[in-house]
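Structure, as structure tokens:
First chain written, first letter: the chains are A, B, C and D, and each begins at residue 1.
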């Protein structure tokens, strides 16, 4: 007990000394509060966020004993649970209602809802409830729990929940446009419309490669990538597998599919079995040829490499999502002299496939592969739709660059600059249908400055005096 | 773009086998020498006992653990309010081949064996470069088996326990793996859906009725399709177009014409357009379209060449790291 | 001679490549390293934050890429500690978690005044990739109930008031693939307008160039970027380069030490491409290609 | 038939459309991400199928005494040892917040047997597999990088430049091309500092009128300094210097990455996005149903 009592006493003494030093420290400077506190409801959310903004305190640069006097800002708020009587934003003035902050606000008793370090001028309060009304205040904080007087926001704001994300409206329009064009061409093809497509070299090689494997009495190896079925490349790989399996069934070639995911194995089995059935060769289907190795990337690679050198497939297909294993697979298969056809949408692995394989389907070509191989008019129709998508992309690009160029060269007319802003932030961004007012104001202000300087100095440039 | 001039990996026949045996003997002798001369692979550790006491709860369900050495722990020990105590040993590993070891350091046998195993496995995998052989096959068998199990364990704890069970039976998980789970954490009915889908999926093991597994597969693939369609359209389509839109007449900070940035802006725009033409499916690559598409494929080749050059850098670093391990951590040569 | 070269056994190339890397490692050859603008941008992004800012450091890699990424992971950790930033560790790759432990061990040893829970905290690994990011950007505690030590987040000083990743002042992703920097850009930096820098493997670097300068303010590309970062660090904090570290895997000069083998191996690659083409052109001029 | 084919098609279509629709409503915006999260549970459950298959395959290899059946035995042993140690957290130590409950240990806890397998077994195996790429990349460079046609020449030429530009060799090989430093070195020692200061600002894009050296703005510079500033601005800001400087290998590498590489990747990404839209639509509309297997 004696020991503990001693410690207790020392602790008390320490606390007293600390309290004294912080007090005297704080007395050196009085922090000025930040200015222009404003609050906005964050748009397009479920009403749980508020954006608090302010201008930095004049004390930002002040130093005490070589250290910053201002450590950061603390944000406080008051809630009117149901927003009683506060129907619209901006109705209530500061401190005028029951939710205002008193002049003798007790900083020790109330916890701030958040704090940020110096130099920052915004804070997102993510703990508000939709429908409630809030009043915010910001104080600058110094070392040792010192605070500047409160700067209170001009008015209280109600958090609002939206039922439709207006910011994404243009995205919805573009998505619908591309989707409807694709669906339209699929429907057109279904009605018997004629769809012409150009040949792709890699795809014509598929049946040739399977045929060669049959002649040599060697198996065909199909690698559906290393990602799970929740990646669309794996799905596309499986649809190509369906067509390769069909060809293998026709030629009576042995098809081996090692997978890196259990779900891919399950899906691949369904697919290949159906393909063999479709060709009337259910007897030739062997479930054990489609098997799971391991989820581990390089464990799987080691396994496939082993299969390659031991079973010496005559044709190897890599269709799906690939990472670093691409070159290990391609180089090993090359050492056993196999024909290799690869297809992936992994830009980082395309160089290796292009360099080491016989044929490579690059990006979009890979997604087109199943349509080509199936020769199903409906699927070929979707390719035509994709082409229209590319035309839309090209049109946006050319138009956008043109407007951006005009905005720079004819920089005294606000129309071009607003048009550029609209394309970038609204059509291709998330600002919704109307251009952002603040950004338009900045444009107008810049133009005003530009016009003024033109009026003063007809020669442009100048000596800056 | 490829060659069929292949060099076949030779099989380990007659002469090959003798070669392998000689090589192996040299390696083993080398390793034994290294083990004695260089203290190869030795790992030294400093053991430390962790002991904690519980201040609340019952002996069966203790709560509020604090370190025995802490003030609260010592106070409780003095006052006799400790509910239950527990201690175990942890170790801190010293850097490989460190010359001045603290007095408390001991050699850790399991870690030393570990470093040797790691080094031998590294050499086994590298032996594939000479040709397929029993060492590589052994390493391959090990990595397939161990990593499959590793992922099963990981998905069991992170997927089944931390996602499914925690949301269906939080009480069970709280008393089992996650005592820190908040007391007010409740179960979520929505997680019955993945539970049912998982059971349907496992039905694939049944001799008949395996087709029911198609339902969860359809769910996954449908969700994947919807989710990825949006994600890629937003980030790859819209964002990339947005990123490409820039003034073709570039100016610098002084608002005067900048020559090279303008050139690069024009080159980028034309290159993107040419590549898009290359991807067109419904037009034959002849005439003007053919010429533009050819420009596109040339740009793609430069893209691939640059990616190749950058990738080489990364791959070589990986090999450096392996040699670092062999020379530093195992042989203590550096 | 030409015939010999034409049928050059690939195992000979393997051997030369092995030697080109092994010998510089053994000789500890270290060419001068240069600092690029990009490395400087990354350094500035961390340096210019006010002391004590909140930084999310995500280790999105695994042992396969530790050679390239571990040095920069440790440089970031040291830099954040020097600047007294609050470090929130997490990883989107299951095998990245042990590296977080390594980084925290480094903090314990080199910065003993920093304490777990008040200066740094680890959330460990959560499966789900982009779903994890999408969730923590909205509600952190819905996904992470505890930290990696199974302590309730409401009891840890650094996480008590943490609502979502939007309160971070900087995101750093050290990325070896997917999920990684790309997902952080798509689902966190772009929608929440958070500043972000990244370190990535050589193979990923080309993919991220389209994202610079917005939303990525800087990118450390592969070991070269890491070496540049280390160089800037050692100029700013000369105390870092103590001899005890130089030998260790977590050395403050680990990346610079790796530029030696890099140098020799790149020259070998160039020589191989040239040699291959010389043979090709001789063959073609003799009309037997 | 209905249960095997129609219902799955309906589920895929419904879930797909739902994922798209909910994305535009703030309240349901996160459903897509949530569905992907549920996927983790399904993938974990599916592990049972993968493991079952692994067992069957290797057991049948052993019982049929197929060539290499001994390796199948190694695989099975490694699998079971790792699985049991990991699943039951054998040898794991408790954590400080629950000191009697070893179940609370992280899955890979330093010092535990599972960590030992990970660190000394899996890490070297997988890291070495990955490192083998350095060898394969060398052999691919020798074998496949031949200037057969314009396409191949561009590919290998770009790789060549980037390879050199990434290491110090690039700096060294094109050292004869001008840099700011080499330009500054051409001046008498007394004015070098001044020229360097002006040059760095011009290089950073500061217009001459805004250049400030040692607190003196351009407008207030007199005599020699005025002339030097103009001369430096004309040289460093001129396109001839920028061309020559840009041809230095380390700068050329940056230009390649910034211009054609960026453009190529963008086009690839735009194409991929369209490919994904079309593939997804085909799945949702049921045009492509190959993943569902046969109708009977």
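Assorted remarks:
Here is the rule we use: a residue touches a chain if its C-beta (ideal position, glycine included) is under 8 Å from a C-beta of that chain, and two chains touch if they have at least 3 such contacts.
The structure presented is a predicted model; accordingly, all values stated were derived computationally and were not measured.
With contact taken as defined at the outset, subunit A and subunit D are each touched by B, C. Here the chain at the heart of the structure, going by C-alpha means, is D.
For this structure, the chains sharing the highest number of C-beta contacts are B-D.
Computed from the mean C-alpha positions, the centre of subunit A lies at a distance of 22 Å from the centre of subunit B. The geometric centre of subunit C is 11 Å away from that of subunit D, both derived from CA atoms. Touching of two or more other chains is recorded for residues 1-2, 5, 7, 125, 128-129, 137, 139-140, 143-148, 150-151, 154-155, 158-159, 163, 177-180, 201, 204, 214, 217, 220-221, 223-225, 228-234, 237, 239-241, 243-244, 254, 269, 272, 276, 279, 300-301, 303-308, 310-313, 315-316, 318-319, 321-322 of subunit B.
In subunit A, the positions touching at least two other chains are 175, 178, 230, 232, 235, 263, 266-267, 270, 292-299, 302, 310, 324, 334-335, 347-348, 350-352, 354-356, 362-364, 368, 383, 386, 390, 393, 461. The set of subunit D residues that touch two or more partner chains comprises 20, 23, 33, 36-37, 39-40, 42-43, 46-51, 54, 68, 96-98, 104, 110, 118-119, 122-123, 125-127, 129-135, 137, 139, 143-146, 148, 155-156, 159-160, 163, 166, 209-210, 257-258, 261-262, 265-266, 268-272, 274, 276-277, 279-281, 283, 291-293. Against subunit A, in their complex, subunit B makes its touches with residues 1-2, 4, 6-9, 71, 75, 125, 128, 132, 136-137, 139-140, 143-148, 150-151, 201, 204, 213-214, 217, 220-221, 223-225, 228-230, 232-234, 237-239, 241-242, 244-251, 254, 265, 269, 272-273, 276, 279-285, 300-301, 303-305, 307-308, 311, 315. Of all residues in subunit B, only 5, 7, 95-98, 129-131, 154-155, 158-159, 163, 166, 177-182, 185, 231, 234-235, 239-240, 243, 303, 306-307, 310-324, 327-329, 333-334 touch subunit C in the complex they form.
The part of subunit C that touches subunit D in the complex is made up of residues 8, 10, 13-14, 16-18, 21, 31-34, 62-67, 95, 97-98, 101, 124, 127-131, 134-135, 138, 148-151, 205-207, 209-210, 224, 259, 262-263, 265-270, 272-273, 275-277, 280-281. Against subunit A, the residues of subunit C that register as touching in their complex are 10, 49-53, 64, 139, 161, 163-164, 166-167, 169, 177, 191, 203-204, 206-207. Across the complex, subunit B is touched by residues 4, 7, 171, 174-175, 178, 195-198, 229-232, 235, 263, 266-267, 270, 292-296, 298-300, 302-303, 305-306, 309-310, 324, 334-337, 340, 347-348, 350-352, 354-358, 360, 362-365, 368, 383-384, 386-387, 390, 393-394, 396-398, 400-401, 404-405, 407-409, 420, 423-424, 428-429, 461 of subunit A.
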